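Structures incoming, each one as structure tokens.
What follows is subunit A paired twice: with subunit B in the first complex and subunit C in the second.
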Partner chain A sequence: MRAPGKPGGGWSWVLQRLSAVLLLGLVLAHLWIEHFMHLGRRFTYHGVQARLVHGIYDAIDYALLVVVVYHGLNGVFQVVTERVHNPPAVRFLGIGLVVVGIATVVLGADILSAFLAGRPWFLL
Partner chain B sequence: MDSVDLVVRRYNPEDGEDPYWQHFSVPVYSGDVVLALLMRVREEIDGSLAFRASCRSGICGSDGMVINGWPRLACKTQVFEMLEGTNTIRIEPLYNLPCLKDLVVDQTPFWDKFQSVLPWLMPDPKEPEPEHERRMTLDAEAFEMLSRASDCIFCQICYAACPIVGLDDEFLGPQALIKAYRFEADPRDAGSAERKPQLDNSEGAWRCRTIFNCTEACPKGIPITRGIQVLKRQLVREGFRQ
Partner chain C sequence: MGQKNYRVAKIYRTGTWAWLLHRVSGLLIVAYLYFHLIVLSSVVWPGGPRAFNRVVAGLTSPPFIVADWALFTIIFFHALNGVRLLLIDAGWLVGAQRTVFWVAMAVGAALLGASVTAMLPLAMR
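Presenting the complex of A and B:
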């Protein structure tokens, strides 16, 4: 009898679909806030800065950051593991993508927090 | 009477030669299917050409092969539909299975995967023997799906059409998954727990990328991708319940 593969995979499948649905809403909200809500006015750094001190706008951007990083990196993992089947390589890829994901979220949150809190949360 | 240029991928492991393409000029008659051309080649031109065929009616599923780049049943494929302004038909063995000779493939990986999903009805052993006639009902749509999933003729065309099987030969493949679905969807079956290790893993249902090639290629019109998606949702529901 053929041996089954590595157990699991269901969570990844569910979260990929859930994040896709969330992405749709968050991207639309982000585009609306940044590009259409103040249509007609000049698009300036100060305008963006003013919007990013608003808690709800910030929450949308934080959520967008986390969801887009998860969705994108999980997609990369799935595509690569269709070609790469060596377990140590798959593990290395998984850990590498988690590190990249955390670093990207930290960097993005750091940039957003500078507007919200007046100074970056993590880095200079 | 016209003739067609039949280009067949030949391979004989006993020769020690690499596979090559051989051209046959074959007479074609109105209403001919591709299998008729291959039989004409074997009977009148080259008796060494190897291919599988049996019922010639699209029932046995033996004569699956790649015709003009797409897996099909040779007995159900009309020659005139394959010509499309040219005079050439190109025939190869099924993709994703090792070639044994000419158009004959080694079906072992396919059958191993099929068998691994325990494709038989497993009644609940704890359920008492009914004293009266027992009726189990399915809604019309579920019955239709189950019924269509039962139509599989094991032709391996979905398996050959799946690009994920081509990339990852450990993937169960569409046929094993639709067969698993057929029993999972059956209200008389209680074998979910036993099938789960084969289905709920990285090379099981989750490896399917819903490309729909299997559904498009299936000569019996089975909505394979849809069945696999139902299977995935069922696995998620069971996961939440546990």
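Presenting the complex of A and C:
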């Protein structure tokens, strides 16, 4: 993990830890609500739709989507840049991961909207 | 090697394995995140409840329930070792990190045991 003292490492270091703390709660909540609360019943589109009627469940899933994508892709960036130090390569990787992250959040929001609104908001 | 040095070496050996496994488990969880989104995207493409239900029915079959336990093992390890790392970053229990690691793993094993017990009837169908 990049230490706070290194150039560009401070905010990344703090946000990686902050997102980790948030994920402890969000992942447990998601697992409980979507997978354990109705364990044994058939997992269906309408079952997910019925759960997402509750605003707090939507909020948890949207928050989880954003936080897990940030934490995961920032983690990939940290792991790769422990080995790769070439500045243009690091910049390319950083920009690439930001693009991938935004695309992932858009896809995730589109999937959630297909349950919430009955049809996807953005794609297809 | 003196007793103190041996103790320090043991602490760092645990830390090295935990460090490596934390990275490997993190990368596996990122890979799973994309698998999860690809599965869920069946609601967007080909789209609709029937396509989603067909894909999900396959993924709730017994072999995939067992795969879920492997996934939980990876997630619980990453989360609880992450708590240990947060404690170290905060300067708490640094000298006892080996003990903290094994306590965290015991909590993970308990959570995994509870999950497996709850899901066992689904795997036995």
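Definition applied: the second predicted complex is superposed on the first by the 112 of 124 C-alpha atoms of A that agree within 3 Å, B and C clash if a C-alpha of one lies under 4 Å from a C-alpha of the other, contacts with A are read in each partner's own complex, and residues count from 1 in each chain.
Heads up, the rule we're going with is that a residue touches a chain if its C-beta (ideal position, glycine included) is under 8 Å from a C-beta of that chain, and two chains touch if they have at least 3 such contacts.
These figures come from a predicted structure and were not determined experimentally.
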For A:V27, decide between first (touching subunit B), second (touching subunit C), both and neither. second
Counting residues of subunit A touched by each of subunit B and subunit C, the higher count belongs to C
Is A:R83 contacted by the first partner subunit B, the second partner subunit C, both or neither? first
Report for A:G40: first if it touches subunit B alone, second if subunit C alone, otherwise both or neither. second
Once the shared chain is lined up, is A:V14 touching subunit B (first), subunit C (second), both, or neither of them? first
In the superposed arrangement, which partner chain does A:A114 touch: subunit B (first), subunit C (second), both, or neither? second
Partner chain in contact with A:T104 - subunit B first, subunit C second, else both or neither: second
Thinking of the overlay built on chain A, is A:L73 touched by subunit B (first), by subunit C (second), by both, or by neither? second
Taking the stated contact definition, name every residue in subunit A that is touched by subunit B in one complex and by subunit C in the other, in rising order. none
Looking at the complex, which residues from subunit A come into contact with subunit B? 1-2, 4-14, 78, 81-83, 85
Once bound in the complex, which stretches of subunit B touch subunit A? 112-113, 115-116, 164, 167-168, 170, 197-198, 200-207, 209, 232, 235-236, 239
Subunit A residues within the subunit C interface of the complex: 17, 20-21, 23-24, 27, 36, 39-40, 42-46, 68-69, 72-73, 75-76, 79, 104, 107-108, 110-111, 114-115, 120, 123-124
Residue ranges of subunit C touching subunit A (in the complex, touch as defined): 23, 26-27, 29-30, 33-34, 37, 40-41, 43-45, 47-49, 52-53, 56-57, 60, 75, 79, 82-83, 86, 89, 115, 118-119, 121-122
